[in-house]
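I've put the structures underneath this note.
What follows is a pair of complexes built around chain A, which joins chain B in one and chain C in the other.
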Partner chain A sequence: MKQSAIRTLVVFSALFCFFVAGFSLAEAKSAGKIVIGHPACLSGKYAKAGEQAIGGIKACIDWVNNVYGGIKVAGKKIPLKYKYYDCESKKEAVTSLIGRLVTVDKVNVVFSAYSSGLTLRGAPVTESHQMLYMDHGGANNKIFRQGFRYIVQTIGPATSYHQGTLNMIHKIDPKAKKVALAYEDSEFAKMVMHGAEKYAKKLGFNVVFERTYPKGVTDLTPLLSALKASKPDFILGGGHFEDGQLFNRQLADLDIDTKALSLIAAATLPAFYKALTSMAEGVMGPSHWEYGVKYSAGEAKKVGLNWIGPNQDEFVALFKKALGKNIIPDYHAAEAGAQVLAYVLAVEKANSLDSDKVRAALGDLEFMSFYGGWDVDDTGLQVGHSMVDVQWQGGKRVIVWPEEAQTGKPCYPMPTFAEKAKGKIAVP
Partner chain B sequence: MFLEQLTGNLIQGIVLGAVYGMATMGLSLIFGVLKVVNVGHGAFIMVGAFVTLWLFNALGINPILAVPVAFAVGMGLGFIFYYTTMQRLIKAPELATLLATFSIGILLEELVKLTFGSEFRGYNWVVGKIDIGVTVLPMSKLYACIGSVIIALLLYLWFNKTRAGSAVRSVVEDSEGARVCGVNVGGAYALSFALGIGLTVASGVLLTMFIPVGINPYMGGGYTLKAFVIAVLGGLSSPYGAFFGGLAFGLIENGSYTLFALIPGVEPFALTRFLSFVMLLAILLIKPTGLLSTK
Partner chain C sequence: MKKEITKYYPLIPVFTAYLFLFLVGKNISGMWQLVAMLLFYCAMGQAFNIFLGMTGYVDFGYVAFMGVGTYGMALAITNLAHIEGLGIGIIIIGFILALLMSTLLSMAVGAVALRLRGAYFAIATIGVNEGFRFLIEGARIWNGSEGLIFTAQLNQILGREAASSLMTYWADIMVLFIAALAAFVTLFYMRSKIGYALTALREDEDAAKVMGINVTKYKITAFITSACFAGLVGATSWALKTPYVFPPEVFEIHYTIEAIIIVLLGGAGTLLGPVVGGLIYGISKYYLSIFMPGFQLLIFAPIIIIIIVLFPEGVVGMLKSRTKGSVLARFII
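What follows is the complex of A and B.
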């Protein structure tokens, strides 16, 4: 009996030692690195934005590891690592890859894929794993009305995209009253335009035309012919990059001239002008960030916010190094990069890698980086970041609104397509 | 105002429909001769679009001149894929040819992505416009329409007035009979496949003349879906039927938009797409050989 008790005790002790050793090893392993997981859009319809996001994330990880010295948790600086797979811009791939990142790769946080649709698709998966889910590409407010507990947004909410454009036209042309809305039948574009419609009415504009077109549309002629008949003063439209290109091109084909044209998610990208050349002159677009914005450590100090991260030029240099390409990052890169910085600050504030604790810290976090302000409400919706309006002038992107961020005055009304075909450029 | 819009949209529909028809002829030709459904059809259209883009942007070559170049590239690709893949699968179950053409499509998309990248591109070929009162027609669209009609006529002449065309027709009618009469059936299959791919790649050029933006390795998917509807509409195995099917599709797509816009509270574009697939199902149920087929 006594021998049996001793044997049992020895076996239990051995098992205890085995588990303790195993747990310690696992702790040591996890403490050696903090891993960001990302179902990235390397191919498919969001490949362009996906490449930018990867560049932005890598650039800020580089800064965190090599300049900042890693994330400080329990008195120890731990480097960041980045694990990503190509989701091919497909919803079904996003869900399976998030499952893989969490269960196989054991990442500490998941960054969403680009677009509202893909972000929303991934959210239930991260919720089921109680994993922190950071959204840099899904602007649709609906994502934050589902009751998800682990999601936090860096990109600004869709409903505020066109507020700046409407404010600008309201101020510089009080006679312009008729606005046409034509946009992609997608969650993101619908949310943007519903926000724009509400705000336009608040400012006293009349919405004289409002229609959607399906994703993957190849000809907008019937819709644009109907839009022309409504004789708007200006047009707010678009959805994603490809339909934005098509929208602008077919407006030019049909000689539909308005005083202003603002296209979401397309007009701000260099490839937009490259494809359309002179037809893009004077076209505007809201942007979360543009090279030239004036956010700095000094600006942060003025408004009483903490500053973290590289300055604008350092970010651009790190981005170019990360992608190995001599290109200027766009807002897709900046918002993804800023998200890395938010995660770093939150982990340090929580002093833990636990998703619940980091999520709580993100809720209390407020800071400024090269991307601008960062603050979220209780649902995780971004409320601290302001957008800018960009216009193509002489083949260059100029920040025209808000006035305090301007790098140039707006060209309003923009030249007609006939004038642009003759070589006229948009000059204020 | 309504009549003006309807007329304008119908004219635009005819112009677009001719290009759609041309873009479907290759699909119907391959199905008619080889009984192979080319689900990678859209990827070959994309190749044509990239041929145009490259010739225009890199060498400054007019998109009209890109048509014969794209046709030659397509013929070359057609022969390569026929002798390396399709030849072995002609007698295989339908699923094998479906998978093979699907794989070829993905292979082409990824090869183009590796070479040119994944961004959406475009070119700006400005050749003027015609204002016909009810609508404005860019000359590039008119050239694309005229080019489609000319290519359809040339195909008709080739089929009916040349020895090679007669050989292909005899294989379509009765391949065993054609073999007994000394027709090189394997050669006819290869030629038909290559010709079908050549037409499809050339149609990619014409489509970019209509819509010179949104050129991307994955742009073909939408065109594949439309091509299937048009092919069924025009008679699955008839390239000429496909051409007229395309015209009918363009008219229905553009015309129905204006009519659906009269219904309050609906999104006309959503209904035009719905109508396309209702039409597809109805034709398959009522006349599976195609609405314009004589069989």
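What follows is the complex of A and C.
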């Protein structure tokens, strides 16, 4: 009995030591460095977006430290350091890791985990520590109506996703007035489409059809038949990849031709064209950023904004180096990287690392980088970044809007499904 | 009298563990959020153990009770925030609503599923969380798929500072109390007629029936009790600590799996098991995610397998058999 009691004691002592020793192993504040803390999603359901974000952040930190020479504060150039842990895309881990980053690692700023939910989960903790909290993955506008004082967004709000598409059609076809909205019944798609509906009405469009479909839908025929009857000029729809693909395929099956079709989340993915081939010709989709955008120091000068950061090709090279993989970054990487640049400019503007001062400086900041424009309103909501609209033309993704980012002209109206079946491709 | 007191001795290690966690969180800088996570896992395990541990039935729809509890609190806050003078009373109403909703759901599920046994019961409960999520999204009740976000309402009810400390501190203290209360109820059941009846049905349900035990009554009692605690954990950890509810996040089956792992790691049907399981699970995951970010699950899976193989009855199950007949046996059950 004595032996087993001793063994039990040893096991619990070991557990206790592990528990507390983990803390003593924590690093003291990295002297002479400005530290970005990040509960990253390296595993779990947001792992893909999380890996991209880490690559984007590392790439821009590399640029800041080795090209820019560090952040200038009080006359000194200070390098940036990146401290991240894996939150497994889980809310319980997000708060515990933010707690550690703020109090043990003594980071200077916390970057949120991916998604609106995880961003919201971390916000009360950073607020209680009066720590600047930068959001590159939570697009829900409601985050910024909760009264948080230290949160600032880089990703564009969900309500602005289709503004570019609507602006484009408004400009190139003033006669097109009838828009149909058909989208997935999900928090994200609803937020996107509420914004689209509001903006469409503001531009003078008539919403002639609006309906949602459930997640995991396998047949959209009844909905699309009703949509056909409303005779829209163009359609905004989608939600995720699977339903976006089904949407496009069944539009073709039912011969529903419109001048334009824009699908969120699905249409910008290479797999979309691979699955639909010619049926995807001319289909558009909004994206926060796409490889190929034409944002540059020259464009920034034209619109009267300051430019900072690597150009697009430099960013791509740094991203590949950071991840050690030969992959092209997507918008998750670009927005996370741009957030680093925003922080750099704000610290320099505030000439301080104090969260209150840097938050105030971020409020006044306006600039352009490879990611596009950056500007936030009083609540921290991103208002300066425009989405880009991508269109499939001849099997290639072409950035057609906004004009300062475009790599090609839009094909409008897009070919009909009958024409596409005969091999016609979308050409402007 | 002494016998009355000694029967509560097993609570000493449980409460000591919770007190230890509280003191560590309170006194070591930066530990509070980790402690909050560990308390969540312990409370979830303790609540689940009342049903799984005591009956041997595996309920894969368990997270649904946490989900409806979360909605109970969220609905109280979002719907009553505009009523002046209710103040903290809204949170009390939220808890009542959470209890009511989890009780009603558990009665509805129990009435159907508890007629089944073993694998059939497990399969029948798999669909509960998904079904409930689709009901909320499809029928567009409680704001449907858009969910509810209510930090602003909490600020309005309590004031910014008080709301902030509720979300980052007091909600965790409430979880601590729920975990402690769940432990007390577990022990109360273990030491009463209910516990003996549940032990009998866990070992052999048919034999228990033949002996004249109303197995349905006791199964439902354990099921509803477990569901009520799950509802309370959801109302605190997922509504007060995280003032938003998105249906896919609160009806995620992943949490049921975690609860099963915690209970099995610690020892199903033991009082101390969920605490030990919750601590092993939470601490390992936390430190692995810090020291080996991205690879922790690869390492964590074999650790779980090793523990289960070494201690098939869980860590506390092993301790129980090792300390049988000794003075420690009074404390470890």
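The definition used in the following text is that the second predicted complex is superposed on the first by the 250 of 428 C-alpha atoms of A that agree within 3 Å, B and C clash if a C-alpha of one lies under 4 Å from a C-alpha of the other, contacts with A are read in each partner's own complex, and residues count from 1 in each chain.
Here is the rule we go by: a contact is a pair of C-beta atoms (placed from the backbone, for glycine too) under 8 Å apart; a residue touches a chain by one contact, two chains touch by 3 or more.
All figures in this text were calculated on a predicted structure; none of them were measured in a lab.
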Practice problem: Go through the superposed model and pick first if A:148 touches only chain B, second if only chain C, both, or neither. | Solution: second
Quiz prompt | Contacts of A:357 with chain B and chain C, given as first, second, both or neither | solution = neither
Quiz item: For A:185, is the partner it touches chain B (first), chain C (second), both, or none of the two (neither)?
Solution: both
Quiz item: For A:43, is the partner it touches chain B (first), chain C (second), both, or none of the two (neither)?
Solution: both
Practice problem: In the overlay, work out which of chain B or chain C sits against more residues of chain A. | Solution: C
Self-check item: First (chain B), second (chain C), both or neither touched by A:275
Solution: first
Quiz item: Counting only touches as set out at the top, which of chain B and chain C does A:214 meet: first, second, both, neither?
Solution: both
Quiz item: Is A:424 in contact with chain B, with chain C, with both, or with neither (first, second, both, neither)?
Solution: neither
Practice problem: Return first, second, both or neither, reflecting whether A:246 touches chain B, chain C, both chains, or no partner chain. | Solution: first
Self-check item: On chain A, the residue positions that both chain B and chain C contact, one per complex
Solution: 43, 185, 214
Quiz prompt | Parts of chain C lying in touch with chain A, wherever the complex brings them together | solution = 24, 28-34, 36-37, 40-41, 134, 137-138, 140, 144-147, 149, 151-152, 155, 160, 164-165, 167-168, 237-238, 241-244, 246, 249, 279-280, 283, 285-287, 289-290, 293-294, 296-297, 319, 322-323, 325-326, 328
Quiz item: Mind pulling up the chain B residues that touch chain A in the complex?
Solution: 1, 5, 8-9, 12, 16, 110, 113, 118-124, 126, 129, 131, 135-136, 138, 141, 210-214, 216, 218, 221-223, 253-254, 257-258, 261, 267-270, 272-273
Self-check item: chain A residues within the chain B interface of the complex
Solution: 43-45, 47-48, 51, 185, 211-214, 216-219, 221-223, 225-226, 229, 241-243, 245-246, 248-250, 253-255, 271, 274-279, 421
Quiz item: In their shared complex, at which residues does chain A touch chain C?
Solution: 1, 4-5, 7-8, 15, 18-20, 22-23, 26, 40, 42-43, 84-88, 91-93, 95-100, 102-104, 116-117, 120-121, 123-125, 127-128, 140, 142-143, 145-148, 185-187, 190-191, 214-215
